[in-house]
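Next, two complexes with chain A in common: one pairs it with chain B, the other with chain C.
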Partner chain A sequence: MKFVTMCLALVCAFGLTAGASAQQGPLRITIEEGIITPLPFAVPTFQAETAEAGQLAQDLVRVIAADLQGTGVFREIPSSAFIAQYTDFNAPVSFPDWKAINAQALVTGAVAVTGNSVNVKFRVFDVVSGTNIGEGLQFSGTTDGWRRMAHKVADEVYSRITGEGGYFDSRVVYVSETGPKNQRAKRLAIMDYDGANVRYLTDSSAIVLAPRFSPTGDRVLYTSYATGFPRIYVLDIGSVQQRVLESAEGTMSFAPRFSPSGNTVVYSLSQGGNTDIYTMDINSGQSVRLTNTPSIETAPSYSPDGSQIVFESDRSGSPQLYIMSAGGGEAKRISFGEGRYGTPVWSPRGDLVAFTKQNAGRFHIGVMRTDGSEERLLTASFLDEGPTWSPNGRVIMFTRETQGEGGASSLYSVDITGRVLQRVNTPEGGSDPSWSPLQQ
Partner chain B sequence: MRSLGIISALMALALPQIARAQELSAAERVAFGRSVAACWNVQQDAAAVTLGFELDRAGRPVMQSVRLLRSGAGTDAAIVAAFSAAKRAVLRCGAKGFDLPVEKYQQWRNIELTFDPERMVLR
Partner chain C sequence: MKLLPAALLVAAVALSACTNANRFGGDDLASANPTGGTPLNGVIAGSANDPASTAYFNQTVGDRVLFEVDQSTLTATGRATLDGQAGWLLTNSDYQAVIEGHADEQGTREYNLALGARRANAAQEYLVSKGVPASRLRVVSYGKERPIEICSNEACYAKNRRAVTVLAGGQTS
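Take a look at the complex of A and B:
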């Protein structure tokens, strides 16, 4: 019996020693809980390399800072807190001065203006480690396009620090609204993502709805009531030329959206009181019916790979979200929460579906996984609807309408955490936004 | 002979007690992890990365020693960004030295820290 006890003791001793011996290697720890706070950055006014560049250097920096700050991922440190005087793009960076004000990232740059030409160069630094983040980069353009250059710089900074594509050098097409609620004039407008450079694409002689960008950002689909009934048009943004996509007489077509290839349009067609989903080859005009049910099927949106379509249907008795193959066939319901779901839009990353939800007298913009799991509501108001994704799938823009006779529509954006909700400044009211891909 | 065997066994039992005394306690490990996490600014859907680095006796990271050992799935840009964020966390929170017991320096001189954001995603 004693022999057994001694053996057990030795075995235990060996096991523990081996364990202790393993501790002579590096200390291994896994961290799963961090913080989500905006990263403090500094962007001093760029060096003006020519006399004409002074104002532009300030303007560029204001746009870059606003882009980054607006993501909620970054927090700008005001220039009043700066210790270092930044005057020379090629001078060594005094990291202790930037560390002292708790900057973690630093963007420096220089601008040269010659006649109508602008050259912007910049560098991004990790202040904590005192190193460059990537190589210096420069963009050239014209003075008219200075905002785009600022957005491109901001996209590059965002991408280098987060590892994701940016979304600042993009545009939004939307319905501009003026006049009282019961007699509102609507026309298509296009603007930079931040509300700058608004340009009107149609007049307000006919009601227009639901503009949708093509995958290359050069065309827009929309629904117009020019004939008294809804019909789908395609508009070339460069030439502002438009043409109707023909559909059978006596039918109404609406809710169009491009396929990822840009060659096909998926849309709703109403005939004899029934609404189903169809596709149309945009060149030949040949259409294919995808659903055939007595219920209302609408608001189709392709997955980024073009293989599936998410759409809204009331086949279960109330509007819910469904996914089917891009060729049609059996659909699978993905929304099961309380309330009514509509206007689903597949994320460009492919991982989420954004939607409008109405429940208990309130409207919400929300997201869920494509299998319907992990539903999260990002907003709540009297009326929020019509989400559209930023090119990188991190931000959603939508329409918010205020209550009452004087209620007005405005554009808002929210990031997918729901933490950063912002109004998008437009000269008039706005609704039905559609976000373009990043510009080429 | 029998008593000699018992002494051997007791010595064997005592050795791991000495080794364990030099190890960081669970509380010390958790406190260290938390002190780094306090500076780890997580991006949505960031890649998981494992950093290796050395600490000096004052608990300060030796900057040149910070290196990427392993990474999870992600694009090159996502991994570089995740590595940079993890490195910033180590350097920022360790700038004044992590609070670690100096008598156990050999236990925490070399560190492997895995930053795994999966549980934080979409919250």
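Take a look at the complex of A and C:
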């Protein structure tokens, strides 16, 4: 349960691009809707610069390849197809050998382990033009943080080729679940985005729901029944210290999210059977009521600039999505399709709102533009809900629950084209994921 | 487990081993069950035959009312059950109650929490309208977190859309 602190120092850029100035344009794959052909890449086992680095040289490459392959944007060429023998990070690359197996991108690297410290260097090449894509980089850190170094390398490769920000060096906080549906035990857990390094943040003595990361990834808001009634708590991930955000006797508070500044919490408060949206200054505890209607208002989420809030309301008679100013006031409905809409979450890029849609007995995760146009459903199942955005706004993680008496929850991810749907492995059942920002 | 499903509560009370959250800060459910169980007029105190027992309330009066899909309006059957609850609570005035609102699994977690709050509140308001002091009643919503039936069809959903009056306190002196 110890929090592993590690510094990833971006030591330097080294080495220059390899002279040749190919003029057919840089290797670039644009992520957009519609069918794309995944870009074939090769990442041979890194050169082990010290004797202890042999295993790590292989492990790093597996994580890097899994990150890239998992995007659906890249396709790994297996090492069994390799012609070139990669052994020396500084030797010239024999591009014809990589071209012959149709690799378009090549990642080479070297790793040195000295005691507890690791140094990783890598380069990215455009095989077709025989040029470097960006400069070589190196990261240093500690051996127990090696997966983060692999994710950093993969983020760099992904960014250089797609032009998008990366998302691999990130974490997910979620609810880990065990037991049958009518007696489910829930506790908060945190893990790397790919399911590695799971750590539990609470025990399962009380129901816990819907954790949400702070904008800097250091704290988590969640709802707990520890007092017998739903209350919002804020938990420091490093120390695992938690405190309740007080609300009045006889009320229930839930569905919290941080503002982009991290100083304000927007949440739902139920009183006398009516649920409305409030904000609270997380330091002073001062709260402000934003909605005041007899209908249900819940699941609020800020725009990335903090100026607006998207939320769910049944004021029209069924749950639909609305946007209002961050200070409250009149709200504009944005969902008009068939069915019921809930759990809207504003994309970190600001362009889209992800949501849960329930229609004709099925649940969907979908996205729409913030004016409600261009609605697209990305998934369909018995029960999908609770989307959370990757830091770059390209992937959505959510809860999928299976049907029937043995029904269980697990985490899934889908890219915003809807093509790449994957289960995220967790040691137990999982629900209510919240994706962190990229780690610093 | 802090929160046993209501059906199990009956058994738990009989075993004097209820671990329900002590939400009034005082007596817990177990204390509502007098120890000893000496037959009095042929009625075992605390058993379902004892009209002052939680078992009687749960089984004979009926501790729950059910709701239509997405609704928090009380049905005629629900109002009749609550009439019985109100009468019982007025007779057994040393009991307090937490009314738990629940939803079926069709719906998002947040919306169902709010819907469960509506249902619990509907039951509470009805009991208050029948003279039960509001100070003896509290409400909590579990949304879809604690289904009592676990199948994924209407037969189960209908039983999960409920407001359950869970007694606390009772004969303590």
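In this text, the second predicted complex is superposed on the first by the 405 of 440 C-alpha atoms of A that agree within 3 Å, B and C clash if a C-alpha of one lies under 4 Å from a C-alpha of the other, contacts with A are read in each partner's own complex, and residues count from 1 in each chain.
The rule is short, and it goes like this: a residue touches a chain if its C-beta (ideal position, glycine included) is under 8 Å from a C-beta of that chain, and two chains touch if they have at least 3 such contacts.
All of these numbers come straight from a predicted model, not from anything done at the bench.
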Determine, under the contact definition given at the top, whether A:Leu421 touches first (chain B), second (chain C), both, or neither. neither
Name the contact category of A:Gly386: first (chain B only), second (chain C only), both, or neither. second
Figure out whether A:Ala408 sits in contact with chain B (first) or chain C (second), or with both, or with neither. neither
Name the contact category of A:Gly342: first (chain B only), second (chain C only), both, or neither. second
Is A:Leu137 touching the first partner chain B, the second partner chain C, both, or neither of them? neither
Would you check which partner chain A:Val198 touches, where first means chain B only, second means chain C only, and both and neither mean what they say? neither
Intersection of chain A interface sets (partners chain B, chain C): none
Please name which positions on chain A make contact with chain C in the complex. 180-185, 205-207, 209-210, 225, 227-230, 250, 252, 254-255, 268, 270, 272-275, 296, 298-299, 312, 314, 319, 340, 342-343, 356, 358, 382-383, 385-386, 401, 403-405, 407, 432
Residue numbers on chain C that touch chain A, as the complex places them: 1-3, 5, 21-23, 72, 98, 105-111, 113-115, 117-118, 120-122, 124-125, 138-142, 145-152
Chain B-touching residues of chain A, taken from the complex the two chains share: 2, 6, 9-10, 12-14, 16-17, 19-21, 23-37, 39, 73, 104, 126, 128-129, 133, 159-164, 374, 376, 394, 416-417
Counting only contacts in the complex, chain B reaches chain A at residues 2, 5-6, 8-10, 12-13, 15-16, 19-20, 22-24, 29, 32-33, 36-44, 46-47, 52, 63, 66, 74-75, 77-82, 84, 87-89, 91-92, 106-108, 110-120, 122-123
